[in-house]
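Here chain A shows up in two complexes: once beside chain B, once beside chain C.
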Partner chain A sequence: MNQNSPSAGWKSVVLRYETLLLAVLVVEWFFFYHYGTTVNRKGVVVGFGTLDRQFDILRHSCEIGLLALALTPVILTAGIDLSVGSLLGLCAIIFGKLWREGGLELPLAAVLTLLAGALAGGLNAGLITRLRLPPLIVTLGTYSLFRGLAEALTHGAVTYTDFPAEFLFFGQERWLGLPTQAWLFLLAAIAVWVLVHRTTFGRSFRAIGFSPEGARYAGLPVGHRTGLVYVLAGLIAALAALIYTARLGQAKADAGTGYELFAITAVVLGGTSIFGGRGSVSGTLLGVAAIAVLKNGLACLPVVIRMNAAEEMSGMFTGALLLLALAGSILPNILSTLRLRPQAG
Partner chain B sequence: MRHETAAPLLTLAGIKKSYGAVRALQGVDFELRAGEVHALLGENGAGKSTLINVITGARTPDAGTMTLAGRPLGELTPAVTRALGIACVHQQPALFADLTVAENIGLRLEGGGPWRWVDWRRRGQEAEQLLRRVGADFPANRTVRELSMPEQQLVEIACVLGSGARIIIMDEPTASLTHREQARLFTVVRELRAAGTGVIYISHRLEEIFSLADRVTVLRDGESVGTQAVRDITEAGLIKLMVGREVAQLYPPAESAPGETVLELKGVGCRRAGVRDVSFAVRAGEIFGLAGLVGAGRTELARTLFGLTPADAGEIFLQGARIHPRSASEAVALGVAYVPEDRRRHGVVLEMPIAHNVTMAIHPRVFPGAWLRFGAEEGLACQAIRDLAVKCSGPDAPGSSLSGGNQQKVSLARWLATKPKLLILDEPTQGVDVGAKSEIHRIIRRLAKEGLAVIMISSDLPEVLGMSDRIGVMRGGTLSAILPGGSDPHTVMAAALGQAK
Partner chain C sequence: MKSPALPLCIVLGLLAAGLAPVHAADAKLVITMMPKAKGNAYFISCKAGADKAAKELGVELLFDGPTDSNAAKQNEIVENWITLGVDVITVAAENKEGISTALRKAQKQGIKVLTYDADALADARSFFVNQATPQGIAYGLLDEAARLMGGEGEFAIITATLTAGNQREWLKYMDTYLPQKYPKMKLVAVRPSDDLKDKAQSEATALMSANPNLKLLMAICTPGTPGAAEAVKQAGKTGKVNVIGLGLPNENKRYVHEGVTESVMLWNTEDLGYLTVYAAAALAKDELKAGATSFKAGKLGAFEIKGDNILLGKPYIFNRANIDRFDF
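Coming up: the complex of A and B.
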């Protein structure tokens, strides 16, 4: 929030929410590094501490990370988009169908898929800004609509596979030492960061999030800007679909099921207010990382492996982390109230 | 009639209160007697709101003592002060919009737990009685949502009356009332005084204070600078106390002859907004006042010109070219600026810093290519703060940290930054203290001199008469008369009430 006053001093940097979240992330990482790394019987190091595992975490977070990036501007405008996970599935199917059944070249199919994603986002945008329907209801509808379309297009059975190696490169190989999709994710993150923090678009998103009426009276194009965040969300969801397909080497209708909730969790954990206006892209990235490390780290803990309960544990701990973060964000208020009490009598 | 010798009902001594680095109150002494109307005066930001919050227990003072009828008071909470018989009519009515008037009054006044039996007939009758006492002419079974702002204000006053409080605080109760409602309110206040109630009365309208109050205490910069009997002080003396200097002339004179026509309306109407057949022209350098009663369609006309409710009849010409703004952003691009009446909801985005608010309407110009330039923005904000003398901690201060008058200045700064051709001001000085008011008047006059066409909507009759070069009077959604500046108030009122013909 303070990006325009670089001289605000070290206190405002250290006491920022993002810094706190970064500290949590570091503690989390070292905890799992210490307890989650073991040497197996053959004398090979396995578990959390290996480079392979770290890259695996990165690979697995890219799609949810992209959806979280897509949702950050949406939530800044005090909106919500529940349809991004379903749209990921629909776009994966559209991509597979265009390539396999349409006989298109992969790059062309990819571009058309991105367009389809933007178009689907445009449907959300139109319903929300033209018909003035609440985003929660609209995207709850398209959440079912997009998933249903994906299933109808494949009759719930077809899975597209056998993609050529040039395409799988984007999901399974490394480029300049890092998983290829991490570079795409980085690019998307920079683009969204610039949009939100360095342009008048981001400024308008916040104004709309704080006070849509106030923004309208200031002559801001509220409808246009609100629509834009949903179109952008659709576009990014389509990109996530491509990366998802490249990682698994297959496009199927249930791709990305439930991802929207992970993405929303990451955004909120990253300090973006669900009521709009406040939040940052760096917070969202930290939120994504905190959840990804937690999820993967737990799967490496011997005790969790023995219990065979990685999924359940990660769900529980993610939830607990989110609640803690929400409690933490009101902590300063509580503290200042407590500080003032004794002088009152 | 006046209880000059009455023992003090409420005494405050050395009250101090700080919010962080801002020292809102720095040693306030105040005394309220039973059976007196004690006016509290001060510029915006002088500490009136904080003082009220201390008295009602909403805020705990950092230092100082409070005594009620001779008994020292400990720590106060709103519940405790209510039990002690202190009630407050707030500026903004805080009622449940979906409940009826009777239900709202019942919720405030009836005791008992959640499982008590509600006697609906009695509740209704009591509410009706209270409404009659405050002179309301709507029934108690109306839903609050259907009521106008002044009517809701009357419900608030009814609640306070019904509570039988011995200390009643009224925070600008007449801000939105019509003359008839005002007169009725004054009668109620005088009845309360006769019954021995202590009334703390806050208003910026000096003529109200002179006709109603017994004593007046002036706050300046968080300190009480003096308490005097109203009959011992003149209007000029009071203003001097408030601003700490003489305000030489309340309304700056017109200095320039109007230039060419900037805005021309021919039969403009908007069915949705209830505006019909409005025709007039405003020239460069001219201040065109819009007078009329609340609900006469003045704000609605402004919203139509600003594209918020686009016109569906007639023609609008701006500098000779026909325009038809369909949204506020279109209107801004055309050179129309509108400083809205409700500054907290529409004028500024409270959560955002002053700098962001100031540049909000000029994104394309300050930020070419949509690229934010923080240095340029801060420069603009600092300049606006200096030019309009905004009292704040800096361009990063959020709008919510400013007093009403300073929020208004930020709102004005935003629209001046657009370098508009036509400036529409909607109640530019409502709820603004005398000092800031004359500052705003000088700014408006300066803008007109610089060649801007100004439309000024105001319910403050002296303001309209003193500032306007010509006065348009609206009634029932249309323009009922255009009068020359300096017309006498009776002619304007007659036109507003429809007695001209």
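Coming up: the complex of A and C.
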């Protein structure tokens, strides 16, 4: 860093990808606040600018947000995990089955589900690190495998419902002012952030992503650490499954279909390079927020509402946003050049 | 680089978006309607009826749903409608329990809730617009069969699976109705098709060779009707063995025009949409209350209410004269 120049410190904060993303997010939020808030027939303020809507955004982004958190370390090591959405579905079914058919207490069923998630992540890890298979292919396989298992376990027809209120509390109620699951999400976010950014252990993910060979020469146990990120991803996917089940009050084999793609979108949008080595947890969180605000905000715009096309529009705009981010994946490079460039301009 | 574009962008963005006063909405009643899946022809024709009703009533109709049958997305859309402060939410529930949490939340916020086509839990909605009662379907099919058979002779039924809940119930009503009303008609067999067209076809072929005097095949699941028709056509028994059943017009048009299938029965989905919107508007205006026994829906006239079910009434019969008018 060019610490000699007086404006370098200031520049290094402003000219960061995360700052840019935050700015986009803020503009996006105000845009929807302005155009998406109305007063209804009864004179009540409705739409985007209500507290309820903000809580909805939080609640809707928890599961995809967790998966994005799970994927951040994975992508940092230049890997990918396409199976997290399917694993969410499988874990939801395992949880429902253990509780309803196995007759287990809910806390025990939840713990076993988390274990099952970690185990499924371990399967990915084993195939990737032991057999040296490409993560894309391995997790494409387990993507089908996990979903297929979930469907087979329920014959595609059984839906587990009637969960007790104490469990639904985690997905439908508020605790200390915020939706309960938001606290769990926050906890997971802090844990992943500490792991990735504040431990030497986690910093090695980026080293591995930059150059696995280099990391190996540097004496890092590359296989072991790479494996760990997939186990962690499985564990977090299981947590997302529990929250999903609590939010909807049902566990069904189609839970989380397509979520992996939203999660990858959020991670990449958050500035993490799909080639590994560069990225941050804070970026991922901003990416998740940008997508969630976009999706919910669009659903509040009168134009979109009258077209009855909120889902399609949010799909389109999210896609466009990702392409923009991918095309702009050179942006962090440009910004860092700007940041490091000596005074003049 | 003294003044980077970024902070400027933020400032401009804030100014543009600003905190200016929000828009005032027009005072129209807002009624929402959610299908199980937006692209499903069945629901598109529901929407056609709903649009008609909305126009007559001068209400605003929002029609939105998942692009695929997805219970989680249904919940998210309901939650969206809640914060949009709509007046009535009507839903064809993909999953009974799943949707009910969201619907109860809507009710808590003073939004009226109706279900149509597929019900939610009873405490999560005020009324269910019931497209056809089991009795209506059973009697309707038997009456049509009797008309074609002249009230006597052998017929066979192709069902979904032998354990399917809906079909069991219809068969139960037929069992009691048949000997009372049409004692000369004989039901020779009830065969399962597993809701597959091929299986229905092979079962129909087997039924025809085992029962040479068979006058009519009745399919009580939608894939069964075209399957049975194909079997009759291939066996060269068009005109000798008649086919009727539950079915979507589009799947059966060909056979109806070829004279293989006499008629298919289903409720008129356009009327279902029309009635749902009328009931929703009445609910919002407090004209429709718990305990009502009948309800008048515009041009369609009065409908019976049983408990908290608004009954669409008798199933609709599609035959050569009218089947081309329907596209679902």
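Rule of thumb we're sticking to: the second predicted complex is superposed on the first by the 320 of 345 C-alpha atoms of A that agree within 3 Å, B and C clash if a C-alpha of one lies under 4 Å from a C-alpha of the other, contacts with A are read in each partner's own complex, and residues count from 1 in each chain.
Here, a contact is a pair of C-beta atoms (placed from the backbone, for glycine too) under 8 Å apart; a residue touches a chain by one contact, two chains touch by 3 or more.
Note that the structure is predicted; figures quoted are calculated from it, not measured.
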Which of chain B and chain C A:211 touches, first, second, both or neither: first
Contacts of A:46 with chain B and chain C, given as first, second, both or neither: second
First (chain B), second (chain C), both or neither touched by A:190: neither
First, second, both or neither for A:152, with chain B first and chain C second: neither
Most chain A residues touched (candidates chain B, chain C): C
Which superposed partner A:137 touches (first chain B, second chain C, both, neither): neither
Contacts of A:327 with chain B and chain C, given as first, second, both or neither: neither
Shared contact residues on chain A - chain B and chain C: 345
Residues of chain A that touch chain C when the two form their complex: 7, 11, 14-15, 19-20, 23, 26-27, 30-31, 33-34, 37-42, 44-50, 52-53, 56, 60, 159, 161-162, 168, 172, 244, 247-250, 252, 254-255, 257, 296, 299-300, 302, 305-306, 308-312, 338, 345
Residues of chain B defined as touching chain A within the complex: 60, 62, 74-75, 308, 327-329, 331-333, 338, 340, 345-353, 355-356, 360-361, 363-364, 367, 370-372, 374, 377-378, 396, 414, 418
Complex contacts: residues of chain C adjacent to chain A: 1-2, 4, 6-7, 9-10, 13-14, 16-20, 22-25, 27-30, 62-64, 66-67, 70-73, 75-77, 79-80, 82-87, 95-98, 100-101
Contact footprint of chain B on chain A as seen in their complex: 3-5, 198-204, 206-207, 210-211, 213-221, 277-278, 340, 343-345
